[in-house]
């Protein structure tokens, strides 16, 4: 006991508490975590409870595949909105994904420190700019530009994709940056030592090693794009037709909900919640795909 | 197996009386007694039937080829393995006669008494001073002077004090690799542990840093029970009183270092020491 | 260093606790003099003007104007979250069983086109055929050769319902119509697109867009009031039937229907019900 | 093509398999076909990436400059200090500034600790299991639900069922629910990125799990967690749809958290979309953007100080 004489002695109760501390703290944390999670569960249940009955009443197949959305007449079909959401999200993913990932790679790999300290906060700042401001600038600047130079009404898939792409950029970038930074420096040094250029190293080592984080970034960015409402309402045009070109106006699931929720009553309102259910399911499917892709790839990698 | 153990005890006692001049106290009863210890993770069996005594104020070197269970054994001695959810074990490890796997044991206290130094230096993302006081603070020491004193003595013991005494507030990352490892040693010493577990502490270091660490350990041996896992048989020969040879999860043999290195009883031991495999 | 960091943390905690305490001590839902008015976003700006004036005249009472949409307003009145709902559509039959509508003003609806559009008069028939999708080019109604771009309001909005009833004879609006969620949005689109046609609240049109005469009638306030201009919708305040309104709410309703209140609304571009 | 060019130096013996002479890194010009030498590829790609990054910054600058040029001339001291009048056509935005701070601040104060604790629990206190995967999955899905639905939920649940009324606290709770998935996910990623060795060392030095979490893990994960929280503050400040139904539209200084308050974003939305007053709308946007600029700079400054101290 000679060596530990400097360490203060604990009372038996204190010692017992020390021993059981993990258990106590763990259960407290569990309670907090459960409350957070139950909040998320409750809101999910709320959406389904409000939306599912009307969906079953109309018929899920018909609700999803019909193009007739005439709530006043009791016709509820959201096929055009589903296509609209997918089109806009895909466009946003192309623009925001490329931009966001590009920014993240520049920030972590090719950027002197002083430039990082300017670039990173400015990109994070983009996240703070309200979606209404994005939408507003989209309407005032982007839409007339598209209308004059490319034709069409201006309110279009293209306009929404650009606006959403820019809006999801900060999400994609900041999470990608974290993922890229988590790659051990040794990987990079090792690759460079083997004669690879900096870009080759980035491409073949760093991007691969951080893949799961990058996928998470894309998912969260995509989630932001699919779920964005206000900006999309302003620049998408919200027609009831399936868009036939990137210059065609489009209505997304979210804008369908947000446009009409303020006035809807009865079945109409329930149908809007059902739109929310469909949205939830679409996001679920997207996430599942992304997850399995990233998981399968990493498994194949580790197996090789 | 038991009889072999008993035999070894005898040998050890004899041996210990020979090396008594290294030890401040005479080798009393074993500090750590390991009996029939089996361990593994999930389905994988890592250690089989290890029985071993570790005596106070002696340095025990554990050698053997990779995958032999040396590190698992070491990490069992301060229950770090228990952090793995699929860790399982049987048999007993007694520290001063107390079973460290008993349910009423304060694990944190065990880990304070049995300090560990890792193969690579792992400075916590704190300043040097905070790194060193991390353990003592957790143990409840708040007194500023006492902490300062601990920092100084442990840094001196790790032969690092002169190099860092003016930069204690700097992030520990700024130190060189060898300095980091000595800081990690000092960090363990600041806990005033009874047993020191060293997991290939010099594997990543240059010869000069290695020499400094070994010097530090040499000064410490009079005060601490040391268990040293190493791949470097020369280091084992230099820096230990006793040596145990682990192979494929089993302890093949254990005895005074001089005996193991000159006249091992098992063919596999001599094969390993002479570099025929591993 | 660690203790310094801890001190920061402790200070922060204290601050947070202090904030929480302040917030909790302020815990009083004073519904005493407060009246919630909630509902249609198109009536909301007008109601705010009324409430401002009323609040400055009666400093003891407080009128809170919320948005949210007509249905939210009605739901709030039903659930007692608000005493008065603003509704820019007519009540549904299920709602009118237990709710009482009060017309506070009339709103003319203007059919608007781009400033440079040469068309300045349309019949109701023509507007309907455009919005149904049978007339697709401005040249068909005497304008330039340019495809027509329709701008409508969202399903369920009061403006749209009035338009559907007064112009469309309840025929469906073309699927190709762009849908906008507010008067300002319609105006912004019409301002910038030479091919566009839309409809919006008369009181909110300014010189950025051109108002088309309907059946030769100029949509002036007088023409709205005397009924010769056909596109008119009511703005409603809705209360629960048989509900006991607080004195403040009653006074507010009286104020809205009084000459002073109506004068305010006329100033804002609406048409008085007096 | 690029791929080949790139993969060559690392797999230098690839060419030998095809019977070609072993490629030499110093003589890339003599390779088959169109092949971009790695150093040139590097330059092209890096140039492209920089262009991308710069375009992002350009967009940001454009937005800020546009809003400032249009709005700042209308931002006067009176505008900042007065309440609006005539439905926003006159007066200023002081109640909205206050309301924004109250709603967004409260939301992050609620969601921040809960989210981080949940992330800690998920990463440090449970094993990876079906349940944790499910929770993560659910959080990801909820991140994409449009805010109007959160708003409706908040209206029905917080304002009506819990009887909190249309108030700052209802709005803050709703916002907290909205940003919770983001905070949980970003904190989780940040905590996961902390080297496992730190945990080992901390335990080895006799810490309990909680001490390990608070003293080591959270400290090194702080920048990542901070990023998530700053993102959430941004989202809270810029939210409109959910707040319209929960914290309301009253343009007056609230006297307690049970009062309704209109946020700047909502004010801007009403002004611009109902076409009430463009100058005031631009001025409101300018104030909003300036506020966000300040918050971000402040957060960034704090973070840098902290990192400088830790690393």
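Going by the order they are written in, the chains are A, B, C and D; count residues from 1 in each one.
Operating definition for what follows: contacts are C-beta pairs under 8 Å (C-beta built on N, C-alpha and C of every residue); 3 or more make two chains touch, one makes a residue touch a chain.
Source: prediction; values computed, not measured.
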{"item": "Innermost chain by mean C-alpha position", "value": "D"}
{"item": "Reference chain B; chain at largest CA-centroid distance", "value": "C"}
{"item": "Length of the line joining the C-alpha centres of chain C and chain D, rounded to whole Å", "value": "33"}
{"item": "For chain B paired with chain D, centre-to-centre distance based on mean C-alpha positions, whole Å", "value": "46"}
{"item": "For chain A paired with chain D, centre-to-centre distance based on mean C-alpha positions, whole Å", "value": "11"}
{"item": "Sequence positions of chain D contacting 2 or more other chains", "value": "208, 272-273"}
{"item": "For chain B, residues that touch 2 or more chains besides their own", "value": "108, 112, 126, 139"}
{"item": "For chain A, residues contacting two or more additional chains", "value": "18, 234, 258, 261"}
{"item": "Residue ranges of chain A touching chain C (in the complex, touch as defined)", "value": "69-72, 139-140, 143-144, 147, 153-155, 233-234, 237-241, 249, 251, 258-266, 268-269"}
{"item": "Residue numbers on chain D that touch chain B, as the complex places them", "value": "127, 195, 197-208, 211, 215-216, 219-220, 310-311"}
{"item": "Sites on chain D touched by chain C in the complex", "value": "85-88, 106, 109, 155, 159-160, 165-167, 244-245, 248-252, 255-258, 260, 270, 272-276, 309"}
{"item": "Residues of chain A defined as touching chain D within the complex", "value": "18, 21-22, 25-26, 29-30, 32-33, 35-37, 39-44, 46-47, 98-99, 102-103, 105-107, 110-111, 117, 119, 121-134, 136-137, 141, 166, 169-171, 173-175, 178-179, 181-182, 191, 194-200, 203-204, 213, 216, 219-220, 222-224, 226-230, 234, 253-254, 257-258, 261, 273, 276, 279-280, 283-284, 287-288, 291"}
{"item": "Chain C residues touching chain D - in the complex, by the definition given at the top", "value": "1, 5, 16, 19, 23, 26-30, 36, 38, 41-42, 44-46, 48-49, 52, 62, 64-68, 72, 76, 79, 81, 181-185, 187-188, 204, 268"}
